[in-house]
Every structure is written in C-alpha cells, then in structure tokens.
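Naming follows writing order (A, B, C and D), and every chain is counted from residue 1.
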Amino acid sequence: MGQQVPQDEMTINEGDLIELIGRGNLHQILKIQPDDEIHTHKGVVRTNDIIGKLWGSIIQSHNGNQFYIVQPALTDLIKNLPRNTQILYPKDVGFVLLNLAIGPGKRVIEAGTGSGALTTALAYAVGLSGRVYSYDNREDLQRTAIKNLDRVGLNDQVDYHVRNIEEGFIERNVDALFLDVPNAYDYLEQARAALKPGGFFGSLLPTMNQVTLLLDSLKKNTFGFIEVCEIMIRYYRIDANRFRPSDRMVGHTGFLIFARPLAQHDPELAETPEPDDI
Amino acid sequence: MGQQVPQDEMTINEGDLIELIGRGNLHQILKIQPDDEIHTHKGVVRTNDIIGKLWGSIIQSHNGNQFYIVQPALTDLIKNLPRNTQILYPKDVGFVLLNLAIGPGKRVIEAGTGSGALTTALAYAVGLSGRVYSYDNREDLQRTAIKNLDRVGLNDQVDYHVRNIEEGFIERNVDALFLDVPNAYDYLEQARAALKPGGFFGSLLPTMNQVTLLLDSLKKNTFGFIEVCEIMIRYYRIDANRFRPSDRMVGHTGFLIFARPLAQHDPELAETPEPDDI
Amino acid sequence: MGQQVPQDEMTINEGDLIELIGRGNLHQILKIQPDDEIHTHKGVVRTNDIIGKLWGSIIQSHNGNQFYIVQPALTDLIKNLPRNTQILYPKDVGFVLLNLAIGPGKRVIEAGTGSGALTTALAYAVGLSGRVYSYDNREDLQRTAIKNLDRVGLNDQVDYHVRNIEEGFIERNVDALFLDVPNAYDYLEQARAALKPGGFFGSLLPTMNQVTLLLDSLKKNTFGFIEVCEIMIRYYRIDANRFRPSDRMVGHTGFLIFARPLAQHDPELAETPEPDDI
Amino acid sequence: MGQQVPQDEMTINEGDLIELIGRGNLHQILKIQPDDEIHTHKGVVRTNDIIGKLWGSIIQSHNGNQFYIVQPALTDLIKNLPRNTQILYPKDVGFVLLNLAIGPGKRVIEAGTGSGALTTALAYAVGLSGRVYSYDNREDLQRTAIKNLDRVGLNDQVDYHVRNIEEGFIERNVDALFLDVPNAYDYLEQARAALKPGGFFGSLLPTMNQVTLLLDSLKKNTFGFIEVCEIMIRYYRIDANRFRPSDRMVGHTGFLIFARPLAQHDPELAETPEPDDI
C-alpha cells in the first residue's frame, strides 16, 4: 500500500541531530559524527554504535546503561538547553511563533539573546531562507547561546550582535521583533525603526508593573492591536486507570504582550476587542 | 544608523497576503491582486487603493468606512478561517508545532483535514521545502479547507486525500503525524506504519474518556515518551490603570497527547518523568 | 439499623427557607408561610401544596409547570441574590470565610454592604450568637441588601450602618473585617482601630493597580502575614461517557488579600513564606 | 468615637486557642494553659509570658528566638494539622462548606475521618449547637484526628465511629454528608438512607475515572442537581513593585462533586444547567 522508503531515511546518519534519553532524566542532544565518543554521566557511548541504527532504537554505553536515540522535538531543544539565564518556556515559545507569524524565510530580531532558547526556536522556524538577528549587551551570555545553537546546528541563519539596544538595531524592515528584556518599554522607538511598518512586535515580562509600563509606552508610540495574555500548561499523569492532572504545575513564567507598529494611528480602530469569542 | 530599505519592501505589493481590519470585529484575509474589488459588509475597497501603501496604513471603502491593512499573523489566519467544523485553537496549535518539531522541510501527515486550521499552520511552518499530507473521509469538508488554504496561498505544499484512514496512510517515513479524529485510538497501527521510526505523534481529544482509550492504545502499540497536557490561555484587559484579567475565558478545548513510536520497547526507559521541573 | 426520625423533620414546615427550582434556570428562594401564594414566571404555586411534603419533592403550579422544592445551599443564596452591584462569587466567599476564621459567635465588620452577598454568607456563618456589622454609604444599595437578607431570614444577626467609613467604624475589637470597596487602601487606620489586635483583615480588589496600592498601605500600617491569591473554579460537564471541562469559564472576579494588624511589628518575622508547600 | 473595649477582650487569656509563628515556617497551634511550657524546635516558651499580652504581640523563647502569637484562621488549623493521610485543602474546604450549607446548628456526616482536616472545619462551622458524625474504618487514623481536634478544642461537637460504612450510617435525617473515600460510588444507598430528603451530598475524588463512576452511580441512585468542579488557587508574590504570581502552584488536589438525593425524580428537571453564567 504505502510508499517504498530508502533504508537510510529510517536510520540515523552522520550529521543528524540526535537526543540520547537515559534513566534519571538524562537528556543529551548533539550532532552525531563517526568515530566519536559521547560522554554521559551514565557512561560512554560510541557514535559508531548509533550510526545506521533505526531511529527510536535502544543502545548501550560502555558500562551497560541503556539509552533511547530519538529525534529531538523543538520542545526538547529548548528544555535541555544549558543555561545561565531564565529562558522562555516551550508553552510561551509556541504561542510567540504563531503570533509573530514566524515561518520559513522570515527576518526577525530578538533582544536579549540570553541562553538562546528563543533564538533556537526562531532559527529553527525561519530556516536557511530566513534570518535571525540576536542582540545582547553581555558578550559572555551570548557566547553561551552561540555554543548552544552550534551544538544543534542552527547558527547558519543567525547574526549575533553584542550591543546596547538603546543605540538602536542595525537591521531595517524586519518582519518581527521580540524584546525579552526587563525594561522593554524603553526601546519602542528603536523597535519601530527596525520593524517593517505594521510588523509584529512581542515581549515577555514577568511582573504586572512592567506590563503596565509597556502598555503605556506602546500607546505613546502609537502601536495598535495590543494584546496581553498568559499561557498556562497543565500536565496529566498518563495512567489510564487513574487519569488526573499532575500534583504540581508551573504557576507563572511571564505575561506575553503583542502589538503592531502602525503607519497611521486611529486608537479606536486599532483596538483588539475583548477576546471573549476566541 | 540602520540599513537602507528599498521602498517596495515596506509597502503592500501585488500578490501579498493582507488582512483588512475594520470596526465591529471585521477581519478579512486575502491575496491582493490589482484592478480588483474587496467586498466587505462595511463597503467595497478597491485593491488599487491598497497597493503601494505602507503596511499598517488606513484605507477607506466606497462608503467611507475605514480599515487597517496589515500582515496577518498565523494566529489571525487560524482565527479568521471560514469553518464548518470545530477547529484547533492557536493556543494549542503553537504547542503542537513545537512538540512535533514542525519546521522548514518537514513532511507531516494530519487527519482529518476539517476546516484546515491545523493544515494552515503546518503548511505555513514547513514551507515550500516541506510537505503536508492531509486526510479526510468527507470530501465536502476538505473542499472548504482547500478553498481556505487557497485564499491564503498555502496549497503548494499540501497534498489532500479523501480517504478512510482505517485503510492506512499512503506516505511512509513522515517526520510527524497528527490525529484530530474522535477515535484516534483506532488508528495507531496505521500511524506507526506511516511515521519514521521514533517520529512525532500527536493528537487532540476533547474528553477524558477518549484520552484514556488512547493511552491504553499507545501502550499496546509500544509508543513511548507519552505526554498529556492542556494549554490554557488567559487574556488581560489592556487598560494600564486598571490592569486585570478578562472576565471570561475559554474553559476547555481539548487534551493534547504526544508520543513516539519506538523501534524497540522498554516501557520504563520510555517513560517521561513527572514534569515537575519543567 | 438507623435512628428513628420524626416525620416532621423530613418534611417542609411553616417558616422553612425553601428553594423552588423550575425549568429555564428558574430559582426562587423564600421563607414559606401557610395560606400564601408564590408567584413565578412559570405560574403560581400555593404554599399549602408545599407544606408537609418531603424535601426534594416535585410540586406543580396552577398551570401545570413543575418545580423541585429543596433546601438552598449557601451557594444558592448567593447566586440567586437580586443584585444591583457586582457581588462576591461563591468560589471567593468560601475561601474568605476560612481565612477570616468566620464561625458561630464571631463578630465581623464588612464594607460596603452592596447587594448583601457576603453579608448573607457572614450572617449565615456567625449564627445568632455572632454579629455582622455592615457599612455602606449608599442607603439605597443597603436597602436592597436588607430586603435580600430579610427574605432568607438572616437579619437578626446583622447591624446596618449608612456611613462613610472614612469617619471610622463604630464597633471595636471585632474578630474580622472585610473591605469590598475600590479604595480599600484608604481605610486601613480605620480597620486597625476596629479590629481586635492580631485580628483578621481581608479585601477583594479587581485590578492589579489596586492590589499594589493596598500592599503598600498594609506595609505602611504594619499589617503582617500578608497573602494575595486568586481562586479559579472550573466546572465539568457531568456526562460520564464524555467527561470534560465546560467550554467556558469565569476568567476573573478579583484578587483576594488577607493580612493581620499586629500589636508589634517585625517585618521579617511577619512574612508569609512563598506558599510553595501548600 | 468607637466603643470601649474591656482590656481582657484584646489580650490572650487562659484557654484561648493560639498560634505561635516563628522563623523557618514554624507554626504551632494549641490551647493555652497557665504555668505551662510550649516546646518548639526554636526553644521553650513559657505560657505565663503569653497570657495577658495583646494578640499579635511578639514573645521570646528561653534561647531568644522570637514568635508572633496570633489567633489561628480556620485555614491555619487545616494547614498545620499533624497528618498521616492526604487531607482536604483549604481551597476545597471553603467551597465544600458553602455548597453543603454548613453553618451553626447543622448535623453532618463525613467519611472517612482521615487526619481530621475536614472534621476540623465542619466542627468549627456547625458550632456547639450542631453535630458532626465522623466515620473511619481504621481506628488508628481516627485516633490521630481525635487528638488533632482535641488540641484545638473542637471535639465537643463531634461523634466518632470506627465502622465500615458499607454497613450503613447510624444517624438519620442529617443535613449534609461528605464522602472522602476512594470508592464513594459504592455507598450512595447508605448516603441516601442517612440524609434528609433533598439534603446535601458532596465528595472529593482525585481521578477522572472515579468521578465518572460516581456520576453513573449518582444517576442510578436518582440524585439530582449534580455538579462537578475543581478549585484552583493561585498565589501572588506580595512585592508591590514586582507584582506577579508565584512561580509554582498546586496543580491538582481533587474533583469536587455535589448532588442532592431527591424524593421524586425527574432527570431533566433535576439537571443543573451548564454553569456558563456563574
């Protein structure tokens, strides 16, 4: 019935991005090269034992520990990112991509780079035909992000800038711009100058005080179609006979703010109605 | 300071996808062609009045009503979809894309097509280098979806099949597969046959009874790394002086289920730990 | 096996508080008197047809419509209150009673009276051995509340004051005090003067801006053990074969704030730890 | 302006229920007696140092540690209960009291006793004019509860039974009955026999599977006005300049189910409408 599939498309090949999953919540993500060794805290795995295996196979380390080898989801790339800053959570990242219309070929600015969680998602989503411009004023933080994206092979579509964004962004006419900085409200002129007219602006802020400052600033800078929301995720235990939500959940990461820099301004026309019918 | 931008990159051009936004929650999304007319319930707009304008400009209909012309977000494409079925909500779609690792170049199956909400998001995210295979057993529903994706110019990367998926999927070795059908638990053999080993499986089901049946079926079919969650979205009123959540919110759309068809099975090793540290 | 129950304890008697429930979400709550008529929009019911019936019986109006006769829950008293102001919701009221330690014999102040929703719950909970002091500066609103509590027979334990609370409360040494006024932060000196040292202070405020003003004022007035929370309620459809949350839910009513006026102040000792282990 | 208050009503007296609050989340609740010592892990406090002090004062232990002395809220009684079983949470207890119309003078059955969290709240709310009948089939658990209620002086209004509730409840015509047992659905005949016709039935169950079994059983036993809900509580950090929800929250305790045993049954008339307008 189905199509014939060449064997090598079902197996793990040199250069593939893989995720090792072992007991004790061990997750390790890397690009695989032949004749190499992967060092985990559950022993050493030889890459030649992995290459040629079917995806979803179990392999062993030198001391007998077992690992699954799978393709990482974008969620996995984000969750397993070595980090030295607070990162955006997958629940928030997914909604940001949709609201900023991030897709193949888009050009997008983010600041700050942080540990590169959103950078990873943006680079993944725009692909090689798109471009991500990532700003941070701390070179050390950005170096971690660069290393993180290198490890998963996503740096070809990213330009990094160490720069105080108060001086403005270098690019012009980008499709979307995301501010993940505490005082996002201070950089709306710079954001407007870099964005395509009518482009997509987003921000994540942890406190309500910051959100109200940003709301004021957005109105002063004649951004329209402003929306503020929170995404909450509730996990369930997967026991079919005792199906119930998990005992604990993340209570808060941040408020998401979206808006559009408009070429002309009519406050009433540019208002998003109460989203009661969404 | 910034780069020079050619004027035509900041303006609305022939062939662009535009969104008209007018008073009374009027949203209309279409590809713009010259010498054409756009009929809205607030009057007729001539496309020649739009082409050449800056994005984010205000234009007028023949009877003096005003509209913003902006680029639609992916969220907007989904929310404003003409529909004859329940659709996936943006809050869920964003998280699905991330968890199924949908990005440029990926090949993904969905069933059913429905009104094409998820189809739209998948087609947008995989781009022209990827491919979406969309199944429905009702030709009439699928016709609506095809028309919907045509309107926004996303059909080049989609293959539609009118087919009972009990007979199996035609494609093989796809990266991801999403089942948006009430009895998803009946099609896991078919899903496994179509998916790349270790590939990404997802489903959305509205009731707890369906979820427990799917959980049983996933275990019987040796899928691993099973996760069940719900995404809740809470909007806020944007008055900075009276900042507060909206009075009402969507209480439920569905439970999201994710899993991986593994080449070998070790139930304990393939268990996702209680996601308490996410 | 069980105890003998005198028949008249199982039946509806003169003077009982009853709730009529009819089709079309008809709920009517009143004290029943013999030889009387109850006028509903589904017809007239004679009280003599009700008295002597078992609780939970079905009776008919003059034109053949059917009604259940049951004892109202405190939730029902609140939900079916004739109102001309925003009222506290049952989800919030229950938690307020617990946090203010409201029980038989307690003396408690509330301001404003509003439509009497919280008044009803407080009067019910303190009983005839306790006392509720209810303040409002609008006599017309308070008159509605008095009528509402009269109808359900709870006025014997309530004193009403038409008074601007800026002038202070008349009572002293009350066990608890609840401020349901927009500028609660302006009346903390008055609250402290009326409360027993260490007593229970509570407030409900709809916006984040009001909450932060109250937090500042509570600290300035050396209140301790401050807590802020929100109660969310999620209803489920009761179809056992399609068990799922309701489609829509209340998104927000207000933030609840609790604190204690302390005799001596040590800010660090009077701090409630992050409630992560609750 | 205000009333005169006798000094001894503002001070801590012999026999009062007090809560010591010390650093490191130390909470200790007890009835105070003269010439006694309170042993805490932060040192020994002499009760004679407490008696006569204003409520909300700070006192010291023998080794210089400081404690606030306050009146415990009902919430505090529950949260600080020595326990050997899962207990009902305050967020749930408050809503249960309201929905079961628990107040002064009411007679209510609960099973099982567990550690006495709900027993405490029920005994507090019904007062000395009411009565709580608490069932458990494990004498050892119940002994803990008795000790817990003794410590806070609430046992005068409670009768304890060590008994398998399959054999039925001893009391008849009680106002309300709450089942906190895993297989609540097995005891609805017994519940109906003990409840006043039309009385208040409630239950808390952790899994959806249990809830659906109870829903089936309630319908079979002609209970009406069935409601299922969940109460979620979200705490906020109390820093007015950085106002935001707490990072983590309780994800799930249980589903609350309420229903009424009706004297006559008309399924359609006894249906609670979708609570969309609550």
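The criterion applied here is as follows: a residue touches a chain if its C-beta (ideal position, glycine included) is under 8 Å from a C-beta of that chain, and two chains touch if they have at least 3 such contacts.
Fair warning: this is a prediction, and the values are worked out from it, not measured in the lab.
Peer 1: Taking A-D as the reference interface, which entry in A-C, C-D or B-C shares over half of its contact pairs by residue number?
Peer 2: Overlap exceeds half of the contact pairs only for B-C.
Peer 1: Name the chain pair with more contacting C-beta pairs, choosing from B-D and A-B.
Peer 2: Of the two interfaces, B-D and A-B, more C-beta pairs touch across A-B.
Peer 1: Could you work out how far the Cα centre of chain B sits from that of chain D, in whole Å?
Peer 2: Computed value for the inter-centroid distance: 46 Å.
Peer 1: Suppose each chain is reduced to the average of its Cα coordinates; what separation in Å results between chain A and chain B?
Peer 2: Chain centroid spacing, chain A to chain B, equals 18 Å.
Peer 1: List, in ascending order, every residue of chain D touching at least 2 other chains.
Peer 2: 208-209, 212, 234-235, 241, 243, 246-248, 250
Peer 1: Please give the residue numbers of chain A that touch chain D in the complex, ascending.
Peer 2: 206-209, 234-235, 241-252
Peer 1: Spell out the part of chain D that touches chain C in their complex, as residue ranges.
Peer 2: Per the touch definition, chain D meets chain C at residues 1-5, 9-10, 21-23, 25, 53-58, 66-75, 78-79, 89-91, 93-105, 121, 124-129, 167-173, 175, 193-194, 196-200, 208, 211-213, 215-216, 219, 224-241, 243, 246-248, 250, 255, 260-264, 266, 268-270, 272-276, 278.
Peer 1: Chain C touches which residues of chain A in the complex?
Peer 2: By the definition above, chain A touches chain C via 208-209, 212.
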